[in-house]
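Note that the chains take the letters A, B, C and D in the order they are written out, and that residue 1 is the start of every chain.
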Amino acid sequence: MATTALPQEAAHAEAHELPFIRKYIFSTDHKIIGIQFLLMSLAFLGIGGFAAMLIRWQLGFPDVAIPGATILPETMAPGGYLLPEFYNSLVTMHGTLMVFFAVMPLLVGVFGNFLIPLKIGAPDMAFPRLNMWSFWIAVPAGVLMLSGFFVEGGAAGAGWTSYAPLSANSEYSGVFLGQQLWLLSLAVLGLSSILGATNYITTVVNLRAPGMTWFRLPLSIWALFITAILVLLAIPILSGAAIMLFFDQTIGTHFFDATGGGQPLLWQHLFWYFGHPEVYILILPGMGMVSDIIANGSRKPVFGYHSMVYALIAIAFLGWIVWGHHMFQSGMNPTLGMGFMISTMLIAVPSAIKTFNWMGTMWRGSIRFHVPMLHAITFVAMFVIGGLSGIFMASAPVDIFIHDTYFIVAHLHYVLFGGSLFAIFAAVTYWYPKMFGRMMDPFWGKVHWAITAVAFNVTFFPMHVLGAQGHMRRIYDPNQYEFLQPLQGTNTLITIGALVLFGAQFIFMGNFVISWFKGRKAPDNPWDDNGVEWTVHSPPPHLNFAETPVIYRAAYEYSSPLVEEDYLPQTRNLGSDSGPAAKPAAG
Amino acid sequence: MGSFLDWFLPPGASTFAADIDRIYYAVLIITGIAFVIVEAGLVWFAIKYRARPGRKATYTHGSMRAEMIWTAIPAVSVVALGIWSGTVWNNIKARDSIPEGALEYAVMVSQFEWMFTYAGRDGEIGTADDFTLRNQLHVPVGRAVVLRLQSEDVIHSLFIPAFRVKQDIVPGMHMAVWFEATQTGRFEIACAELCGNGHTTMGAMTTVHSTAEFDEWVASRPATTALR
Amino acid sequence: MAHPAVMQTPANRELGSGVYNEKLGIWVFLGSEVMFFTALIGSYIILRFSNPGAFAAPNTVLNIPVTATNTFLLICSSVTMVKAFAAAHDNDMAKMKWYLLATTLIGASFVGVQIYEYTHLIHSGFLPSGLREGSHFAELATAGELGLGTPDAGVAGIYGSTFYTMTGFHGFHVTVGVICLTYVTTKAFRGKYAQTDHRGIEVIGLYWHFVDLVWIILFTIVYLI
Amino acid sequence: MSETAKFKHPNYWAVWGLLFALTVVEVGVTFLPWAKELLIILLLGMAIWKAVLVALYFMHLRFEKMRLRIFVLAPLPLTVIIVVAVLTEFVW
């Protein structure tokens, strides 16, 4: 059955000769690698989500044993009640898995791979074999990360930020091997990401089809390109820091150990110097793909395409000089804090451009509410909430109160789930037909969207309120504090929302899996889109294009007066179009 | 239980709480406006411009003027907000913001307890009449106090919600945080930085006394071994 | 090559950067290497400034003559590398082969000298965790002969931590380089390069010069300052 | 490959000689009894000089297109930003 959904009659003759293992396992085809990343990261999304459910249960129903959790060993949840140390591990692993193994590969690994060559009209990545390696390096990294749960002392438990010295010294945390596995895993994953980014950058710069100038690139590709640059330059900082922390634990160095001359704050500086660009890595591709989808759904060109590009660049650039906003209360030099405050606030400006230009794109459109469009609109609606809550924290005096409270947790889920994950839902449902040659079921797609959108807000909106009341994050039992006891009701409500949210994702998974085998056969261009990828078969054959496509216009010529239909593909020659400029797209 | 749409902060009980809260509410209003504009706009556009038979989208690539407007307004708002926040920040946390003559405390934290060393009768820290209490901070109302913070092991964070005080305590560094309580009563202290398995339990209590009561209380304490 | 159509640039397509894929790719990759060494070297600079007394004076713990020789070796290997590339460029394949071989061998001897240096240092008590108690260096430190701020400042050991991490990762890079060079040299001796296609040599060369460049910085800030 | 810029090779041995000479001077300077600050500036200056020589001649940046040069040098400010910011923090 599975073969029906994968390239067959249109497949390049050469691909046929490849044995199964070369074609689907150790494949060098960017489309297959994209799908491999998709399956891997959805699995990690599920695991991370499951960890969240355990966390939520503990906070929502602290007096009730977790149903079925008695199967967990005594070292985790005796009698179905989580131990505090296991709670810490769960929070750490939840954050880590979601950020590094779910959302980042979903955006960069999946769509970077799948979309870049197709959308720029290239046969494959610049380095197909390197591409394969970048996937097969990510897999052991994931295994290393998860194996933390099975070693003595448990998984890493110092938060996804792993602040030293708690993370550097097992005497303080009780975790030894788990923390080292965490660090190794991130260093290995870092290599995978760097190889991937090298590939994406080279491909976008070098392999654009004739006529695909920089300002004809779809915003999704712009975003992925800029993201790749951020990955390339930010991840090595984390790798370096992780290695130093690893040495602190294993060979007795003292980088972050104050008793030996080290600086605990140095870890935080390095981590956040990587970390803030990282959070933009987690949102920019989403922004780009949502731009494509909103233009398509509204049947209008993107409003202010050029400023959208410049806004992406501005966000990426500013992202390097704001890291200190995570450290306002850390004891960092307060004068430095002032500078970070201003630079952080300035990021609202390019973000505003993006938000209002999305709205401008919908304005006077003729909006088709297909499932990807619903997710894309929800992305805008939810990202804005997350972005605006960022302004509270950006104000350092306000951050005194809300730092390390659920206000932060609310913020980060609004940008990461409300933002990135909704963008991922939009993108998966949008490009699913191109990936698998079949359509996802629109009815169940809408059901999934509706429940998710509602349950998401029930889950995370009240967290702002918890934060405003001073509810700290990363605490196992808020009822220890008198001032938090009145909030138990809110916590229970959040947990109920979270359980529904989790449940709703099974609709998505069901739709995903069933459509793969039983879905309606997808036409080449189901959404009437202009992109180059829609001119080839769904799924595209090996090496994508029978002959190199030629690009005549920008990516978003919807409802152009030049043609009858309301879309005008980038590759269509209207006769009046001159060929691509004789010179290559300017570098 | 407060309503889960209740965005108000709990009552403040220190001199600068009001300054912080004022910015918080200002941000709430600014972002509230932006929030309503965006969300209402999205819903409105979604309804008004939904595809119907015969409807054709307007072919436009944007408007420089509109973009200027929605770039400039947020830019001005955030810069103003930044400058205002900056002054308040400096008053609270700048290294020279600690008021003259503030009452000194030495605080040594470790997993998972707070050791508060008091200046004793002579009002000076490091003298023989100092005394140390575990998890109990007593301060006088209406007088600035400064806590000199040090950690023995990992990073902890002193959080007194009612005073709008939060300061991480990094091992190997000397931190100071000050505040001036405006109300008598008991206010909880929490540790706000994940510091290990007992992080949740690392609470303590501040008691704010009237000046007379505080002096009397101090006088009644026997000296204990001072902290370093 | 599984994908001739991909590995070679299609004839009807000009490259956006004007530089072939592998060359652009290695430059991009070196960008990430720069940031990796930034993390290590930046930490060193910061820790050095915040612990002025914890770093020994030049040529007390670390042996400058030995490493100066090593620096010389690396510079030599860089020039042979670039001569190999120039030879390939000028279609002098015989010369290219021998220059490549020389580069590989000199590179390997750099690693050898570094291993010697490490063994010697560790033997005398200079460890990543600090000076080993009772060791030769620890005695010198107590005698005040290492130029440390306080005689026991070195025992705590941020000096060793930064030294081994930075030079160790540099050495690791050289080792990787030597392995790649061995591969390229073997290929060269089997006649796989031509004036029209010697991309492999240019690419490994760029990497090799970068590693040399990092060493130039490290040698100065770690050994001489 | 044809894209490899057609350029006249500089005298690589001369560059090598300069690098060698600079190294000798560096090592020599280290043993001079001059002020520490002066030595540091001198040594750093020479190190940067050597690094630039390698980049310009051995890595051929001198002969590359402006585009590639900009691209290659773009990350350098990032290396400075973090170090300077954190230094102001601990050296106050």
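By our rule, a residue touches a chain if its C-beta (ideal position, glycine included) is under 8 Å from a C-beta of that chain, and two chains touch if they have at least 3 such contacts.
For clarity, every value in this text was computed on a predicted model and none was experimentally measured.
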Out of C-D and A-D, which chain pair has the most contact pairs?
C-D
Taking each chain's centre as the mean position of its Cα atoms, how many Å separate chain B from chain D?
46
Counting only Cα atoms for the centres, state how far chain C is from chain D in Å.
15
Distance from chain C to chain A - Cα centre to Cα centre, in angstrom:
35
Using the touch rule from the top of the page, what residues of chain C touch 2 or more other chains?
15, 17-20, 24, 31, 35, 38, 46, 50
Listed in rising order, chain B residues that touch 2 or more other chains are none
Give the residues of chain D that touch two or more other chains, as numbers and ranges in rising order.
65, 67, 75, 78, 82, 86, 90
Think of each chain as a node with edges to the chains it touches; is that a line, ring, star, complete or other?
other
Residues of chain A defined as touching chain D within the complex:
233, 237, 263, 265-266, 269-270, 273, 320-321, 324, 332-333, 336, 587
Using the touch rule from the top, collect the residues of chain A that touch chain C in their complex.
22, 28, 123-129, 194, 197-199, 201-202, 204-210, 232-237, 239-241, 243-244, 247-248, 251-255, 259-263, 266, 270, 543, 548, 583-587
In the complex formed with chain A, which residues of chain B make contact?
1-10, 16, 19-20, 23-24, 27-28, 30-31, 34-35, 38-39, 41-42, 45-46, 49-52, 55-63, 66-67, 70-71, 73-75, 78-79, 81-82, 85-86, 88-90, 92-95, 111, 153-155, 157, 159, 161, 164-173, 175, 188, 190-201, 203
Can you name the residues of chain C that touch chain A in the complex?
2-3, 5-6, 9-10, 12-22, 24-25, 28-29, 31-33, 35-40, 43, 46-47, 50-51, 54, 127-130, 153, 156-158, 160-162, 164-165, 169
Residue numbers of chain D touching chain A in their complex, please.
65, 67, 75, 78, 81-82, 85-86, 88-90, 92
